[in-house]
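Quick heads-up: structures coming right below.
In what comes next, chain A is part of two complexes: it sits with chain B in the first one and with chain C in the second one.
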Partner chain A sequence: MIPMAFFKKSPWLLHYDASSCNGCDIEVLACLTPIYDVERFGVINTGNPKHADILLITGAVNAQNEEVVRNLYAQMADPKVVVAAGACALSGGVFQDSYNVLGGVDRVIPVDVYVPGCATRPEAIIDGVVQALAVLERKAAEMKRRGAPEQPEKPA
Partner chain B sequence: MSRRTIIPFGPQHPVLPEPIHLDLVMEDEKVVEAIPSIGFIHRGLEKMAEKKDFQEMAYIAERICGICSFIHSMGYCQAIEAVLRLEIPRRAEFLRVIWGEMSRIHSHLLWLGLTADAFGFESLFMHTWRLREKLLDLIEETSGGRVIFGVCKVGGVRRDVDAEALDRLLAALADLEADCREIAAVFARDASVQRRLSGIGVLPKEEALRLGAVGPTLRGSGVPSDSRRLGYAAYDALDWAPVTEEAGDCRARCLVRMREIAQSFDLIRQAVAKIPEGPVSAKVVGAPRGEYFARLEQPRGEVVYYVKGNGTKHLERFRVRTPTFANLPPLLKILQGCELPDVPIIVLTIDPCISCAER
Partner chain C sequence: MKTALLGALLWLVVAPILGGLLAGADRILSARLQGRVGPPLLQPFYDVLKLWDKRGGVVNRFQNFYMLAFFAFVLVSGALFFAGGDLLLVIFALTVAGVMLALGAWSTNSPYSHVGAERELLQMMAYEPMFLLMAVGMYLVGRSFHVGVLARAEVPLVLALPGVFLGFLFVLTIKLRKSPFDLSASHHAHQEIVRGITTEYSGRGLALFEVAHWYENVLLLGFVWLFFSFNPALGIVAALVVYFLEVFVDNAYARLTWRTTVRATWAAAALLGVSNLILFQYFAR
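Showing the complex of A and B:
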């Protein structure tokens, strides 16, 4: 694992609830509050997908959320990493037999880090995000090696 | 006549921890109508009762919502126990009250924090959640889980809490109560909080009754209605009265929840003082045949569970009417005519739990 000091930039995080029971969501929020306080390491929970490096999804994806999840992922700029948090996000959890649930997040978008638990604990989420940072670095290096995509010319 | 514009609000929005979509029909800066569209967290949970064993279903019922988790499993178990005509041990009923009230404090603290965040009082949000973490430690110590307790089962509770642990619990709760009083004073008296909450989103008493509001939304409009008065579990042995406020605005709903936190501390103290010795679970024999409505008080209001069994281990029908669903019509009413910047705070004061409402 790459130590935190290695990172030059603060990773911003976008959280979306793709049909979770709230259990994992409040644990994601708990990561921001004084006991865990990930903001002191520069991890910021943003509401804007265009600002985010990490997409943190809780809950199994249901039929109505499929398009929203795809949309959020598409709006994020490269390099980007997806973290699935909680039993439902991994496989559908207790809801996997349900008629309205597609299953884990990886049925819809590619997932890089899987965080288990029902409800997943804040420590586990933080560990998952730290692992996601290593993936993010790797993806960034890969992008650099291949060369950045051509920027459109600015209008005169 | 000004032109109407429609502003989409959600499903993914910085102030929303859960997805819901509102189309806000605006005339200049005023909201004239709010049109909700829901279904983002629908998991088809009621239908699952037909596939799962009725005892196994207790843990799925707990996952209707991760915030009011314990009371959901408690309500489901009460309904099934009534159909089975199963008498559960008195000690289990008292333990259910203790965990139920702890879950109420945790839910109200969570809500107070989110509200502080919604009106931009970041440090108050952090302090409220710092206190909530202390409570979560106590919940973990007694039940084993932080947000999903997993202790309620058909026939009683899964684990006992011994006298020593109950004493430790009381001592820790006393510390926490003093801290909560400090936070409560900020919500009740701080000038900037007052300006943000007073007179916003007023729901008059008659409207609240006509539109079927429940819980703190109803009690904030001066109606002393609380399902715990039915005396289920061990509430019949405890001495208390529903908390009400008269004003009906956002501040009144906030004050009701704050005073309910204090009341819950008191209820836990009473329950610990009166808890009898004995077993904590009864043996479950047979399968449910017949139907029953169970009514309980969630942190967000009255919740109704309907179960219908046909004598097999799978239920024929399971239905939940959650408090957020009952509070949506009053919410749409008070959103009409409000200013756009007040929308998040008004939506929050009914304490919406989308995952309960959609299941």
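Showing the complex of A and C:
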């Protein structure tokens, strides 16, 4: 049996809108439409962190949804990867000086792939997910080699 | 005895392969109906193999036990069917499997999975009368509850029981977890109760659920085949036609509420099932 070849073939995705203007979210959903049809590659938009392999976050993290982002990440089963899509998810974007914005997603949870753009294009998102799959495979191989990595502490 | 054992063994080995391929065909067909290309045919197998490799967290130690019990009862139910066993026992084993699934969902603390479990029981309430009417109807025609005897019935079951057959197709939508009756857990993940009954499952528990569902689908198509058992080849064609019809219906309908589901299925059971039995008894005299 080929070990770990299946993560690449069946990436289930959880999309979370942190505090995006919905520009990137519309592009994420566009990936599922007939023009891009990411289900060709086995991608499913799950909406359930326990079933997901990839956490795709759009928008900057703010004081209100910080706990939600941590919680979603903690609920996902290993191996898992995080993709930050769009300028806001990368750095806070135009909102970074806002009083309640913490900044990019990587202020709260470890991010594996950064997808730039405002709004980020569907092609860029698909490319980011494909790169995330390579990371996922590496993490899976590592997990098999020396057991699962430590879970981050649960949010209070 | 030997053929019975062979039937059960064949079921255990072939059914998951067949069920997985059917699930793959379902996804391709659904995608084509929506103007998309869709995943490869083997996608369901990739999904399950991936889930098997994932590190599945459990909420409590009973959760996966119940899932295993669900899996086991589906296997027992199908093995009884394909061994030519008692139809009533097949139906009740399938019911027990459903109860196990609901218990597994209830053992967790997630409100989504609780709603899923409640809906699963309501769905069982909705389809169970029709399933039993089917068993009764088949008994009246074939004079036996044994699948082995029914499969060799002289009268084509579908011709004697057209109403029961249609009523069964109606509730089959529930068991195949298709819209408009996919209240407790549909194939499509984005829904109002996250994923319903499997919300709290991940990794191997979820993989087990998927495989059990493949088994279940093949068993249900086995029921369809039984209606056409006078001509086995025609039975297989009928089962496939029914499956693709269900996929079509799945894509054409939105989800109904549980009240409408129970009302509609009981109405179908009464109108199609009971009236068929009454007429059959009347004319068979």
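Basically, the second predicted complex is superposed on the first by the 137 of 156 C-alpha atoms of A that agree within 3 Å, B and C clash if a C-alpha of one lies under 4 Å from a C-alpha of the other, contacts with A are read in each partner's own complex, and residues count from 1 in each chain.
To be clear about the criterion, a residue touches a chain if its C-beta (ideal position, glycine included) is under 8 Å from a C-beta of that chain, and two chains touch if they have at least 3 such contacts.
Everything numeric here is computed off the predicted structure, so don't read it as measured data.
J.: Identify the partner contact of A:K9: answer first if only chain B is touched, second if only chain C is, both if each is, neither if none is.
T.: After superposing on A, A:K9 lies in contact with chain C but is clear of chain B.
J.: Touching A:A140 in the superposition: chain B (first), chain C (second), both, neither?
T.: Touch status of A:A140: second partner only.
J.: On the A-aligned overlay, A:C118 touches which partner chain: chain B = first, chain C = second, or both, or neither?
T.: Touch status of A:C118: first partner only.
J.: Of chain B and chain C, which one touches more of chain A's residues?
T.: Here the partner covering more residues of chain A is B.
J.: Once the shared chain is lined up, is A:G47 touching chain B (first), chain C (second), both, or neither of them?
T.: both
J.: Touching A:P34 in the superposition: chain B (first), chain C (second), both, neither?
T.: Both partners, chain B and chain C.
J.: Given the touch rule stated above, what does A:F95 touch, chain B (first), chain C (second), both, or neither?
T.: first
J.: Touch check for A:V68: first (chain B), second (chain C), both, or neither?
T.: first
J.: Name the residues of chain A shared by its contacts with chain B and its contacts with chain C.
T.: On chain A, the residues that contact chain B in one structure and chain C in the other are 33-34, 46-48.
J.: State the interface residues of chain A toward chain B in the complex, per the touch definition above.
T.: Listed in rising order, the residues are 16-17, 19-27, 29-30, 33-35, 46-49, 59-60, 62, 64-65, 68, 72, 94-95, 97-101, 118-119, 121.
J.: Note which residues of chain C are touching chain A in the complex, please.
T.: Contact set of chain C toward chain A: 27, 31, 34-40, 43, 46-47, 49-50, 53-57, 189-191, 194-195, 198-203, 206.
J.: Residues of chain B touching chain A in their complex?
T.: Going by the criterion above, the answer is residues 11-15, 17-19, 39-45, 47-48, 51, 59-60, 63-67, 69, 110, 113, 125-127, 129-130, 132-133, 136, 145-148, 353, 355.
J.: Where on chain A is chain C touching in the complex?
T.: It is residues 4, 6-7, 9-10, 12, 33-34, 37, 39-42, 44-48, 50-51, 53, 77-79, 140, 143-144, 148 of chain A that touch chain C.
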